[in-house]
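The structures considered in this document are given below.
Two complexes, one shared chain (chain A), two partners (chain B, chain C).
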Partner chain A sequence: MNAIIEKQCNILDYALSSLWRRRLKNGGIVVVFAAVIFLVASFQLVTSALTESAGRVLAAAPEITLQRMSAGRQEAIPLAHADRLREIFGIRAVVPRVWGYYFDEVRGANYTVLGVAPGMPQAEGLSNAVANETPWPTGAGQVVVGRAAAAALELQPGKLFSFFRPDLSLKPLEVAAIFRSETELVTADLIAMPIADARDLFGIPATHATDLCIYVANPAEIATIAGKIAKILPDTRVLTRPQIQKTYQVVFGWRSGFASVCLLAALAAFAILAWDKASGLSPEERREIAILKILGWETSDVLGLRFWEGIVVAGLAFLLGTTLAYGHVVFGEAALFKPVLMGWSVLQPTLHLAPQVTLKEVLLLLAVTVLPYLAVTVIPAWRAASVPAESALGG
Partner chain B sequence: MRPASVLLCLVATLLAVDAGLLVAGQARRDGMGENLPLLHTVTAALGLSDLCVATEARYTRHPAVSDPLVPFMDHPGAMEHFPTGSFWAPPGRP
Partner chain C sequence: MLIELDAVTKIYNQGQINEVQALTEVSLAIAPQTMVCLKGPSGSGKSTLLSIIGCIFAPTSGRATIAGKPLARLPDRFLTVHRRATIGFIFQRFNILPALSVADNITLPLLPLGVSPKARRERAGVLMDQLAIRHREHFPAGQISGGELQRVAIARALINDPPIILADEPTAHLDSRLSRDFMQIMADLKKAGKTIVITSHDPLVTEHAAIDRVIGVKDGRIDVS
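Our next item is the complex of A and B:
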C-alpha cells in the first residue's frame, strides 16, 4: 500500500514539475478556469440566497391576493367584490389594500406607497419595525418611510414633505418614523401611510381598492378557496401565497437572461479549453511521453501523470473560483452583479446575502466544471501513450 | 520541500480560508435568522408580497403580483428595455 502511495506521490511531484515548466500557459488556464467557475458559482449563490430569503420572508405574505383585471391590465377592484366573497365558507377576513407607485421626477426614483388598512394580522407588532421604538403612527398624513426612500428624499422623523395628487395639487405628509434597517429587504422603498391618505394621494374612491387581501381559516384550503373565488369573480386574478413564493424560484432560475449569459460564457470558455486539449498534444508533449515510455513508464503511469496534472489545474481553479465567489456574494454584496440585478434603480437597498452552501450545489458545480476538464485532459494523453515510443520520437 | 508538499500547503491554506469564510458567513446567516420574526411581522401587517431588490420597473419590484406580459404593456409593440429584465425571468403561472 505504501509503495502505491509513494509511487503516486512521485508521479504527482513529476506532474507539478511539468506544470511548473510551462507555468505561464498553465497559470493562464487556472486563472481563466477560476474566473469561469467564479462567475457561475457567484450567480448560483446570489440566486439561491435571494430565493431562500423570499421563501422565508414571504411565508407571512397574504394567503390570497385578489386583483381585478380589465383589458389585460390590473384595475382598481370594487369593494362590492369583497361582499360577494362572504358566502365562501373558510374565509376568515377580506382586507382591502390600497397601494401604488409614486414616481419622483426630480430624483428619478420610484417609491412604493402603501395604505395601511386596519384589520391586518400582526398589526400590533408594527411598532417594533420602526427605528427608535416610535409607536406606529395612526394620525392623518403621518407616514413611515423606508431607509432608501428616506435617504433619497433626505427625510428624518418630524420632517414635512409633499407629493403631487393626480390633479397636481399637493398632498402634505409628515414623517412619523423610519423603518428599521433590519427590515430593508422588504421596506427599502416603502412609504406607508393610513389607507385614507393613500386613497387621497392616488385619487382612488372609497368604493374601490387596489386589491384585496384574503385570509383563510385553514391554510390547507388556500387552493380550494382560490378556485371558488375565481368561479364567483371571473374578472379577477387570484394569487395564492404558494404561488407568490414559487415566483421567486422562477424569476431567478437558470432560464433568466443573465444566467444564460453566464452559462454561455462559461460554456464557450470551457469549449475553447476542451478543444485545445482534445485536439491533441503538442509535439513537445508527445516527445516527453515517448521519452518517459523509453525510460520504462507504463501507459497507466502516463495516464496517471496527466490525471494528476488535470486534478491540480482544475482543483486549484475550482478552489480559487468558489472561494472568491463566496467572498464576493457574502461580504461584497455581489458587487459585480448589482448593476444588472438593480439596473437603473435609483433606490438601491443594501443587499445582505448569506446563502447556505450545500453539498449538492458544490457537487453540481464540480460535475459541470472539473470532471469534463479531467476527461478532456486524459483522453488525448491515452491516445499519445498508446502509440509506440519510436514513432512518437519520429524514429 | 518536495513539490507535492508545496501543493498540499497551498490547498490547505485555501481550505482554511474557505473554512474561515464559511464560519463568518454562517454567523451572518444566524444574525439574519434573528431578524426573521420582525420581517414576518412587517410582511403580514402590511400585506407585502415581494422583496425590495430592484425598484426600477413595476414588474421587477413586484414580480409576484405582475403578469409575464407586463414588460410589454406600455404601448402596442412595446419592447422590454429595463436592465433588470435581463436578470429576472418572467414569473411563471401554474
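Our next item is the complex of A and C:
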C-alpha cells in the first residue's frame, strides 16, 4: 500500500516539475480556465445571493394578495370585498393597501409608492427594513424611502419634498427614514407612506384600495383559502406568497439561465481548446513519453501523469476563478453581471450580496468546470500514453 | 544463457498494405557477463533485434527468452515490469531530458517503482560518485558536457541494477576520446558482472578488446559471411 502511495507521490512530483518546465503554456491555460470559472462561479453566486435576498424580504409579504380585475386590467378594489372575505374561516386579517407608480419626468425614473395602514402586519415587516430604529409609519405625510430613490431625489431623513397629485397640485412629504441596504433588492425604488397619504397622492377614494392583503392563520392552508376566495369573488385575481416567490425565482432563473447558456458556450470552447492541447503531442512531448516508457513507465503511469497535471491545472484555475468570483460578487457588487440580472432600470439597487457558499454549490461548480476539463484532457491522453517505447530507439 | 532467441521473426503491420518483415528466423544466444556487438547498416534490423532483447515487444513468431522469461507469453504490462527489472538502456544521443537535473534524469526509472525520494537520492549518489559526475548533481542536464551526458545515461541505465545493459549506437555522436571512455566504462561493467549488448558499426566499438563477439545483421537475418 505504501509503495502505491509513494508511486503516486512520485508521479505527482514529476507532474509538478513537468508543469513547471512548460510554465508559460500551462500558465496561459490556468489563466484562461480561471477566467471561464470566474464567469460561471460569479453567475452562480449572484443568482443564489439574489434568490436568498428576495426570499428574505418576501418573507414579510402578505400570504395572499387580492386584486380586482376588469377587462384584463387591474382596478381599485372596493373595501366591501374585505367584509365578505372575513367570513372565510382561517383568514386572520384583511388589510387594504394602496400602491402605484409615480413617474419622475425630470429623472426619467419610476418610483413605487406603497401606502400602509398603521398597525397592519405588513408594517411590521417593513419596519424591520428601515435603517434606524424609528417607529414606522410615524405620522401623516411621513415616508420611508428606498436607497436608490433617495439618491435620485437627493433625500435624507428629515428632508421635505413634493409629488404631484393627479390634479397637478403638490403633495408635501417628509422623509422619516431610509430602508436598510440589505433589502435593496425590493426596496430600491420604494417610497412607503401612510395609506391615507397614498390615497391622497393617487386620488383613490376612501371606499377603495389598490389591493387587499390577506393574512391567514395557518400558512399550510394558503392554497385552500386562495381557492375559496376565487370562488366567492370571481372578479378578482388571487396572488399567493409562494406564487410571488416563485415569480422572483423564475425572473432571476431565466436571466441567469440565459447568461449561463452563453457562459457554457465559452466553457465548451475552452474544452475544445483543452482537448486539442491534450491530444496533440509536440515532438518533444512524444519523445519524453517514449523515453519514460522504455525506462519502465507503464501506460497507466503516463496516464496518471496526465491526470495529475490536469488536477493541478484545474485545481489552480478553480481556486483562482472562484476566489476572484467571490470577491467580484461580494466586494465588486457583481459589476460585470448587474445589468443582466437586475434589469436596465434607471433606479438600480446598490447590491450588498452575501452569497451562500454551500457544499452543493461548490460540487455543482466542480461538476460543470473541473470534471469536463479532466475528461477532455485525460481521455485523449490514451493516445499520448500509447506512444510506442521503441520510438525512443534510433534506426 | 541469459538471452536466447530461437527462429525469431518480427513482422510489423502484419496483413496490412504497409507490412514490413524486419527479422527473419533469427537465432542467437548470449551468455551472462559477456559483451556482444550487433553490427550492421541502417535498416538492417539491429534496432528491432535490440527491441526484442529489451522486452519492448514480443516476436511475431519464434521463441525469445530473456533472463529466464519467454517473451511471447508475457502480456505488454508484464513485458514492462520484466524490462525495468532486467534491462538498462543507453540510447543513441542518450535521450536525456535536458530540462531535468542530472539527478532527476538518473532516477526516472525509479519513479513508477514507488522508491522514496531519499532512497532515490542515495542510489543516484552512489552511481554519480562511481561515474565522477557528483559535482553536476543539480545541474540541468542540458547544460553539461557531452562526456558528462554520456555518464548520466549510463548511470540511468544502472539505477535499477539490471543484469543486462543494451546500448543503441552509443558512440554515433561522440568523438573518439569520448567513445573510448564509453567503451572503458562498458568494459568495467562487464567485469562487474553485467551482460552488455551494443548495436554499432563504429570500429572503436566493434574492435574493442572487451567485445567478446560481433554479430552481423543484414536484411533482417544474422550475417554469417
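Heads up, the rule we're going with is that the second predicted complex is superposed on the first by the 307 of 395 C-alpha atoms of A that agree within 3 Å, B and C clash if a C-alpha of one lies under 4 Å from a C-alpha of the other, contacts with A are read in each partner's own complex, and residues count from 1 in each chain.
Simple rule for what comes next: a contact is a pair of C-beta atoms (placed from the backbone, for glycine too) under 8 Å apart; a residue touches a chain by one contact, two chains touch by 3 or more.
Since this is a predicted model, take the numbers as computed values, not measurements.
Looking at the shared chain after the overlay, A:A35 reaches neither chain B nor chain C. By the touch criterion defined above, A:S17 reaches both chain B and chain C. In the superposition on chain A, A:I291 contacts chain C only, with no contact to chain B. Of the two partner chains, chain B is the only one touched by A:G146; chain C is not. In the superposition on chain A, contact of A:K7 is made with chain C only, not with chain B.
Once the two structures are superposed, chain B and chain C can be ranked by residues of chain A touched, with B on top. When both complexes are overlaid on chain A, the residue A:D301 reaches chain C alone and has no touch with chain B.
In the superposed pair of complexes, A:V116 makes contact with chain B only, with no contact to chain C. When both complexes are overlaid on chain A, the residue A:Q243 reaches chain B alone and has no touch with chain C.
Applying the stated contact rule after C-alpha superposition, one finds that A:E184 touches chain B and leaves chain C untouched.
Residues common to the contacts of chain A with chain B and with chain C across the two structures: 13, 17. Per the touch definition, chain B reaches chain A in the complex via residues 2-4, 6-7, 10-11, 14-15, 17-18, 21-22, 24-26, 28-29, 32, 35-36, 38-58, 60-65, 67, 69, 73, 82-94.
Partner chain B is touched in their complex by these residues of chain A: 9, 12-13, 16-17, 20, 50, 53-54, 56-62, 65, 67, 72-73, 95, 97, 101, 109-110, 112, 114, 116-117, 120-123, 125-126, 128-129, 146, 148, 179-180, 182-190, 192, 211, 213, 237, 239, 243-244, 246-248, 250-253, 255-259, 261, 312, 315-316, 319-320, 322-323, 326-327, 330-331, 337, 339-349, 351-352, 354-357.
Chain C makes touch with chain A in their complex at residues 42-43, 47, 50-51, 54, 56-57, 76-77, 80-81, 83-84, 89, 91-93, 95, 97, 99-100, 104, 108-117, 156, 160, 168-169, 172.
Those residues of chain A whose C-beta lies close enough to touch chain C in the complex are 2-7, 10-11, 13-14, 17, 21, 287-288, 291-299, 301, 388-390, 392-395.
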